[in-house]
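Several structures are given next for inspection.
First chain A sits with chain B, and in the next complex the same chain sits with chain C.
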Partner chain A sequence: MKPKVQEELIYLDMTLKLPFKWRTGETMGEFFRELKENGILYANQCPTCGRAFCLPKTVCTRDHTRCTERSKWIPVGPKGTLVTFFMAEQSFLLPTTGEMLKIPFAVGIILLDGAMVTLQHQLEETDTEKIKPFMRVEAVIKPKEERKGNIYDIVHFKTINE
Partner chain B sequence: MAGRAGIVAASMTKFEAAKPYQHLMDLVLEVTDKVVEAAGISLKDDVEAVISCSQDHWDGRTISSMPIPDIVCSHLKDESKVAGDGAYAALYGAMHILSGDNKLVLVVSHCAESHTDGTMIENWSIDHIFHRMLGLDYTIGGAMQARRYMDKYKVTPEQFAKIVVKNKGNARKNVYAQEAMELTVDQVLKSRMLADPITELQKKPVSDGACALIIASEEVAKKLTPNPVWITGAGNCYEFHNPGDRDLAECDALVKAAKKAYKMAGIGNPAKDIDLVELSENYAYQEMLWTEGLGLCGKGDGGKLIDSGKTQIKGELPVNPSGGLLSGIPVTVAGMTRVAEAVWQLQGKAGEHQVQGAKRAVVHGCDGLCGQMHCVLVLEKGGK
Partner chain C sequence: MSNRVAIVGIGQTTHSGRRPYVNDGELIYDAVTKALADADLSINDMESVMLGNMDLFEGHSLNDAMLNLYSGAAGKPGFKMNTGGTVGSMMAIQGWYHIASGLYDLCLVIGWEKHDEGPATPAISTITDPAVDRPFLVGAIGGLATVSVAYMQRSGCKLEHAAMVRANASQAAARNPNAHMREIYSVEDVMKARMVMYPLNLLMCCPTSLGACALVLASESKAKKISKKPVWMKDHVTVHVEYGGAQFGIGEKRWTSHMEAGAKLFKRNNITKPMKETQVFEMYDPFAFAIPMWLEDFLICEPSEGWKLIEKGALKLEGEYPVSPSGGVLCTNSIGDSALLRVAEAALQIRGDAGEHQVTREVKQALASGFGGSFWSDLLLLSKTMD
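Let's turn to the complex of A and B:
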């Protein structure tokens, strides 16, 4: 016996869209200001354990010490080492841009020279065969006039031979 | 149950229309550091569990509690979130203690309403099949409730305005309050009309801030402070979501929540047995209606109660001596600040708006369209 095909009932089309203006706060705001104005990546340091964070942290996750002392910030990178990566082969609609994710899309976990915690960002290389753990990479920073003070002031990380 | 649950310390930020220099987690950090210092404990070593309180839509990220462990050292600890009003988070914190599961917990709530558009979020809470497209938000829902309340019990907009004059006036003595104003009934009624009968000054303003509590077991609380504040009664109850399924001039869920809390705390006559009340009035009419629900006066007598002057800061039964929500406190944080204010009152630390000799306070948190959900807590000092 063939199962009865259920007739589709009426559905409602609706889009949920909500504008935001997130404050970045003193720590992340200062990180973005340096990136935007000077094209420099900074790590902030925990006065207790000495770890240098890039991306920056307001408070040390281990020691709960505030890491806001500006004189303790150190420039890091733009070169670094790839720890691991992922490759997106399937696209989806990015709610932040309203555009489909361009695939293939590689994101690496990168330890910048001088930093003691990693950051995640896009890799220029999208050929899985050519991406190796512990290979050397370098941040490609946008020209000053194009920088907006967000994470895409770094275009991506390119592979370097070192 | 494992003894009593005691609130050891409380903290809050100053509430402001916007906090341009603070990330959401900076708000959490500020109140956490303050409450840990006030309690004289170590965040890393003494806090066993963290209950946070925030909402995904307001934060703009799903699972809005995800960044909290980094900020309050709760990684590798027990952590959970209340996505509703902060009074529920305090209740949940007390349950952690009373279950015997934890001896000391941090409860923290945050919200920055200035980051987004609250009217849109309120609209998203409305039934999406039938009612959302009508453009309802909490203010329009509130106007329906206020109107029904006026029709049924003959309360007046002038009485609503008196609540605003009282609360924003009380806020002048509260260092944490956002909008402290000296107003007249006429000024309140003549402020911009939002949804008749609710004028702009009758609505809680947009606000940013945070609040935190340390709740401990009886034994630990007594070691940490000579004046812990005990949670001696609790009740929580929900109305139907659809306003059309209730009589909006009544608040049956609040009546039920309050009765449960009073029974637990041994309160027979709330109007006499309570020294002060901190309740959650998102709109002026709500304070009148909630005082009825809390049994501080008879049904339909909320107007007479504000007229009598009893709920003034120097009256027999001060209601919202802090300035209430009308002085500006964000959603989710709201109910927790009611708890924090009552804790300070009972510890004698309220500052210029201290109610003399307060021994027993009732706090109320609420959330949802036309006050759908209500949480009532009885807080007391001393006793065995």
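Let's turn to the complex of A and C:
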């Protein structure tokens, strides 16, 4: 005899919808200002170990040194090398917007020319056969009037042949 | 020198994808009573009680306040912890700290999760920087998929090897009555599964499970009095990693928290041949590339050798170096107890009490690991004898 399947008892549906404001801080704020006003991607440098970060950071993780000396910032990219990637073929709920992810969605880990630390961003290409680690990519930046000073000012990274 | 610490009680619930007739506390109570029964002790003997899980998964912050009647923490020192995937192993390590300090003789640690109650992937996505990373790194799977592609690229590992790992895990889990996914899959079955995030298909990702695990830890003097089969927590290492791309080794030298953890633990314990000096490894393996890749990162085998060990069948339950003979996280992932289960299962292997999934080699020392948060690592060394 099959064991009796227990019936579902009472449950409550619950949705958390909480508004937040998140400050980007002085370094990312400056990075976004440059991106918005001049369309240039900058890396900052650690005065102790010399690493160039893009996306920039206020403090070097390893040395705990402040890296905010503005004269040491260097323009990087917009070309770079794809290090690795993933390709979402299933959609998920996005916590930032409460919307579902639009698939297919390919994300690359990218090392911009001149930077020593990688960043991640969306890839234009979504055919996994055509995405190869170490292929060359370039940031597509929105026209000035559409830029808002956030990460979406970079539309995506397109594949380039060189 | 700190006091020595032993595991003297082990309890876990069965694991599944859904248990609609059980609430959070009832789930915990099940594991706690099993661990106390295994130790032949009562809740009144416990001097501190600690609870760990992922707050956001059930949409319930600081849930230890509501759950203390089930955990048994009322009136005792205890705290709630959340360190992501490592929360379970951190519970074992926090229990160790309590007892090693000499202030406590008996301590109860609990890890639990009820994955059927909330959306795990958006909850995990909230660990990343909202301004720059959160739109692009989708949950844990996004990050793990990128490290998988990078591993295939540098080591020569193929998708088929990941499928072999999952097929092996399914055979192990079929022998573990507490595992969640106990269906047996062939390599072909795994290869045919629906793609979730290239290169990880549905079977190459861990499931979302619910369950709880509890351990009773004791000081040396207490353990010798009350336990016939104490398992000694010989050493442990926790390493937090740099948030960023160092794990890919591009633009700078490759460096991961697992590499740092393995190097420290083995050096401190004079272990030069981990596959000989430890006999089993319960690894936190949340995706199918984890076992070959992280055996290399923990410095247990040479770079690019991990997938060759899979090919040889060396990591199976009856193999030369069994890894995750319980079926691992690949078959059971109730996050808050996943890493505590690794410690519990490694201890059961040392006691010889793993039942159907007991490995064939004699186990004197075992490794257990935790992984999570923003790529950080716990690595524990358990031993049958004190020294």
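Operating definition for what follows: the second predicted complex is superposed on the first by the 162 of 162 C-alpha atoms of A that agree within 3 Å, B and C clash if a C-alpha of one lies under 4 Å from a C-alpha of the other, contacts with A are read in each partner's own complex, and residues count from 1 in each chain.
The rule we apply is simple: a residue touches a chain if its C-beta (ideal position, glycine included) is under 8 Å from a C-beta of that chain, and two chains touch if they have at least 3 such contacts.
Values in this document were obtained by computation on a predicted structure and should not be read as measured data.
Participant: Please tell me which partner, chain B or chain C, touches more residues of chain A.
Facilitator: Higher number of touched chain A residues: C.
Participant: Just to be sure I read the superposition right, which of the two partners does A:V117 touch: chain B = first, chain C = second, or both, or neither?
Facilitator: So A:V117 only meets chain C here.
Participant: Of the two partner chains, chain B (first) and chain C (second), which one does A:E89 touch, if any: first, second, both, or neither?
Facilitator: second
Participant: Looking at the overlay, does A:K21 come into contact with chain B only (first), chain C only (second), both, or neither?
Facilitator: Once the two structures are laid over each other on A, A:K21 reaches chain B alone.
Participant: Pick one for A:T61: touches chain B only (first), chain C only (second), both, or neither.
Facilitator: both
Participant: Which partner chains sit in contact with A:Y11 here, chain B, chain C, both or neither? Use first/second/both/neither.
Facilitator: A:Y11 contacts chain C only, not chain B.
Participant: On chain A, what residues does chain B touch that chain C touches as well?
Facilitator: 14, 16, 20, 22, 24, 28, 61
Participant: Looking at the complex, which residues from chain C come into contact with chain A?
Facilitator: Result: residues 20-21, 59, 119, 121-123, 125-126, 130-139, 141-142, 145-147, 149-150, 153, 194-200, 242-246, 248, 250-252 of chain C touch chain A.
Participant: Would you mind writing out the residues of chain B in touch with chain A in their complex?
Facilitator: Touching chain A: residues 19-26, 29, 43-44, 57, 60, 69-73, 75, 112, 114-117, 120-121, 124, 128-129, 132 of chain B.
Participant: Contact residues on chain A for chain B in the complex?
Facilitator: On the chain A side, the touching residues are 12, 14, 16, 18-29, 57-59, 61, 64, 66.
Participant: For chain A, which residues count as touching chain C in their complex?
Facilitator: 6-9, 11, 14, 16, 20, 22, 24, 28, 51, 55, 61-62, 81, 83-90, 92-96, 101, 105, 107, 109, 111, 115-122, 128, 133-134, 150-152
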